[in-house]
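Each structure below is given as structure tokens.
Presented sequentially are two complexes of chain A, the first with chain B as partner and the second with chain C.
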Partner chain A sequence: MSARPLTILGIETSCDETAAAVVRGHPDGVREILSDLVLSQFDAHRPYGGVVPEIAARAHIMSLDGMIAAAIDQAGCGWQGLDGVAATAGPGLIGGVMVGLVTGKAIAAARNIPLIGVNHLEGHALSMRLVQPVAFPYLLLLVSGGHCQLLEVRGVGDYARLGGSLDDAAGEAFDKTAKLLGLGFPGGPAVELAAKGGNAARFALPRPMLGRAGCDFSFSGLKTAVRHMAAALPEMKDQDRADMAASFQAAVADVLVDRCRHAMAQFRDGHGALPEPVLVVAGGVAANQMLRGALAALCAQQGFTLAAPQLRLCTDNAAMIGWAGIERLALGLSDPLDISARARWPLDR
Partner chain B sequence: MRVLALDTCLDACSVAIWQDGVITAREWRPMQRGHAEALLPMMEDIRARAGLDYADFDRLAVSIGPGSFAGVRVGLAAARGICVARGLPLVGVNTLELLAAAIADEGPVGVAIDARNDQVYLQCFLRGDALCPPGLLTHSQAAAVICETGAALHLVGSGAALLVGLCPANIRTSHLDLLPDAALLAALAATRDAGPGSAIAPLYLRAPDAKLPASAS
Partner chain C sequence: MPQHPYPQAPAESRLILDDMAATAALAARLGGLLRTGDVVALYGGLGAGKTAFARALIQSLQGPLGIEEEVPSPTFSLVQQYQIGQLSLWHFDLYRLSGPDETYELGMEEAFAAGVSLIEWPERLGPLLPADRLEIYLEFPPDAGIEECRRLVRLAGYGGWAKRMQNV
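Our next item is the complex of A and B:
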């Protein structure tokens, strides 16, 4: 951390949440979220059964400046109190990313402060450090609606990808399963709720990639299996839904645990001397209590400490983008005003 | 009065500074893409040349479309961002009106922008005053609107060549490659009412390309 506190405005517009936040990092390690606002576009996309990129971009431009003004107001720091502005520069839906990034550039120019173009995945990767000073290196499981990967976080801007999904993200599988079972949207919380009263052993669903070498995931086969089993039922009763949700969730948990076990072994190979290795879980799917429980058991068995930020920091938010901005700015990293928004942007490149 | 104007709606990117009736700095570049990268450095460049800080401006001006969806948003995001960060008011001007400002005719002027899919964005003006609202029209619909204006019309813009064959013989065309210029935008904006940036919305004229699932309709 730098010799003085850094106060940063964070902007996030890469999917269907318009978010603005002000975060502050002190030299003594204290981190504060001064404001943290998220406006979901959920209602605008609901009729389409998924996020429509052009609709998302149109919604971002209409509300972002108001969200920023409110975030500055709530933070109580004033515009003159900002040391920089951090905006998501990708990966994501390009129209929305451009709205946020250009807005960030304009604010950086107008206030004569540095711009930090943040990789959305780095926002997730570092979000745990906004809560507590987890030391590098650590293992990261990033599971959300758009991403599913295992990474070794060696430092700010220094990531090694151990594995990722070959098809759907885990959150996508939750959403599609929820849709199939008529459980509503977003699928994560809906499946988790339905699964509470369900028998996870009733339906024998596949565990794609289980036992295979490496750390890659695959969820499309699981999703297809759910569809076939649902279609085979003469009628779908509430108990069937609950049992299927529970069976699906258990299958996802088994896959995540197996892949994490492989990643832990790889991580240990590289950092054998590390006394207390940490597995950080981030992304919206990390909110699932059953998955957290399964990962906690794995960590206990493998001698890892499980760390997961609170739910609000797991789903898309601007506080984590602001925090990534602080981490980068503290290292002297900022970006010129001509940087491009990127639809694709792997974290290890 | 000092106005900072910017346009990114079509195949050009431009910025200009207007001070009490005089353009004191201007940058205009043709480009089909790259507005989001070029805009802020261009603005910083002319601002430095004019020796002004953002706090020195009385208002900003931006073209709000019609145009490329992404281009419209790049300009508006930049304008709204500066306005919110500096507490400045904003003027939004429709792109067709801005293009018409380049034509100093006594008679009626029609501005047509090629909107692809056999459509144009069209609006007609008489000495700067709109004769009809801006619209997204098929070529034949646009020709009908042009016929209704009666008098010999001067048709300009990237859509003019697409319409001329459908229009009466007394239609005159020129400026087929006409593109917006922030210098004209700044001068126009100086005469308008400025308001909060968050009140200035894009003028897309075209719905998002999204189909409702069959089960929902």
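Our next item is the complex of A and C:
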């Protein structure tokens, strides 16, 4: 950390949420989230059985100024209290990313403070360090609606991708399974709730990629199998739904555990006898208690510590973008005002 | 609603694809025909294999050029764009949208004009779906079992595709 506190405005507009936050990092390592605002259309979307995205770049335009003003107001630091501005520069829907990034540039230029263009995935990758000082290197499982990856986090800006989904992300599989079973939205909590009274052994769903070398995932076939089994039932009763949800969740857990086990072996090979290796789980799917339990059991068995940020930091937010900005700025990393927004931006390139 | 320029029944053909390899082969044959301005609409329910078809098509074009880029499901991101040699290919997934008015911000007009567009859940586009297009319907056979890989495929060519689809 630098010799003085760093107060950073974070801006996140890469997908459906418009988010602004102010985060502060102190030289002694103390971290503060001074404000953390997310504008989500969540309740309005419930009837559609899926997120109707606030895709319109103009929707971000309309709300972002107010969100930023409110974040600074709530933080109580004032514009003059900002040491930098960090905005998501990709990957994501290009219109939304541009709105956030250009706004960040304008603030940086007007205030004459550094701009940090943050990779949205780096925000997730470093978010755990906003909560507690997890040391590099650590293993990261990022599981959300749009992403499913295993990464080795070696340092700020230094990531190695061990594997990822060849098709659907895990959260997408949850959402679509919920839709197929006629459960509510969002799919993750709906499936988890339904699964509570279900028999996970009733439906023999496939475990895609299980036992295969490497750390890649595949969830598309699992979704198709749920569809087939649901269609084969004469009638979908509540108990069928519960059993199917439980069987699906167990299949996802088996796959995640198997892939993480491979990643842990690779991580060990690369780093030898790290005394306390850590697996960080981030992304909205990490909120699922059953999956978390399965990963905790794996960690206990493999001598890893499981760490997961609270849900608020797992889903898309601007605090993690601000924090990534602090981490980068503390190392003297900032970006020129002519950096471009990027629709695609793999973390390891 | 604007008058559809091609209200007549399109050229049609039906196929049964036995497995993923047959699906990939069809996708690759189609991929070889694509040029800037083409629109391919992929219909089918959840799990029917729309994304798998699109992925096979994209990879069949990337492969010969040595491009090693992943082809993730665009459900979350709504669109993924690929630059494959001279071809700009846009893979749309409109699953999360509720109607045509939400599609304007996705850059679809640019894609229709300057690229090749593969569109999943094209129903969402309503009247904005270009008149000149190839429609592909993927369905499960009625007797489909679990882990079924067979698919019934119907191709429907509108406009210029009425003729061109003979080569698929």
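Just so it is clear, the second predicted complex is superposed on the first by the 334 of 349 C-alpha atoms of A that agree within 3 Å, B and C clash if a C-alpha of one lies under 4 Å from a C-alpha of the other, contacts with A are read in each partner's own complex, and residues count from 1 in each chain.
FYI, contacts are C-beta pairs under 8 Å (C-beta built on N, C-alpha and C of every residue); 3 or more make two chains touch, one makes a residue touch a chain.
Just so it is clear, the structure is predicted and the values come from calculations on it, not from any experiment.
Enquirer: In the superposition on chain A, see if there is space for chain B and chain C together, and answer fit or clash.
Expert: clash
Enquirer: Please indicate which partner A:Ala57 is in contact with in the superposed arrangement: first for chain B, second for chain C, both, or neither.
Expert: Touch partners of A:Ala57: chain B and chain C.
Enquirer: May I ask you to decide whether A:Ala110 touches chain B, chain C, both, or neither, giving the answer as first, second, both or neither?
Expert: The answer is first: A:Ala110 touches chain B but not chain C.
Enquirer: Which partner chains sit in contact with A:Arg344 here, chain B, chain C, both or neither? Use first/second/both/neither.
Expert: In the superposition, A:Arg344 touches chain C alone.
Enquirer: Taking the superposition on A as described, I'd like to know which of chain B and chain C A:Gly95 touches: first, second, both or neither.
Expert: It touches chain B and chain C both.
Enquirer: Return first, second, both or neither, reflecting whether A:Ser218 touches chain B, chain C, both chains, or no partner chain.
Expert: neither
Enquirer: Touching A:Pro206 in the superposition: chain B (first), chain C (second), both, neither?
Expert: second
Enquirer: With both complexes overlaid on chain A, does A:Ile68 touch chain B (first), chain C (second), both or neither?
Expert: Only chain B; A:Ile68 stays clear of chain C.
Enquirer: According to the stated criteria, A:Ser334 is in contact with first (chain B), second (chain C), both, or neither; which is it?
Expert: After superposing on A, A:Ser334 lies clear of both chain B and chain C.
Enquirer: Identify the partner contact of A:Lys176: answer first if only chain B is touched, second if only chain C is, both if each is, neither if none is.
Expert: In the superposition, A:Lys176 contacts chain C only.
Enquirer: Pick from 23-31, 59-67, 77-85 or 95-103: which stretch of chain C gets in the way of chain B?
Expert: The overlap with chain B comes from chain C residues 95-103.
Enquirer: For chain A, give the residues common to its interface with chain B and its interface with chain C.
Expert: Looking at chain A, the two contact sets intersect at 48, 52, 55, 57-58, 94-95.
Enquirer: What part of chain B is in contact with chain A in the complex they form?
Expert: Contact set of chain B toward chain A: 36-41, 43-44, 54, 69-70, 73-74, 76-86, 197-198, 201-202, 204, 208-213, 216.
Enquirer: What residues of chain A sit close enough to touch chain C in their complex?
Expert: Interface residues on the chain A side: 15, 48, 50-53, 55-58, 91-95, 145-147, 164-169, 171-172, 176, 179-180, 206, 220-221, 223-229, 231-232, 343-344.
Enquirer: Which positions of chain A touch chain B when the two form their complex?
Expert: Touching chain B: residues 47-49, 52, 54-55, 57-58, 61-62, 64-66, 68-69, 79, 94-95, 98-107, 109-111, 336-341 of chain A.
Enquirer: Contact residues on chain C for chain A in the complex?
Expert: It comes out as residues 45-49, 51-52, 55, 70, 72-73, 75-81, 95-98, 102, 104-107, 140, 144-148.
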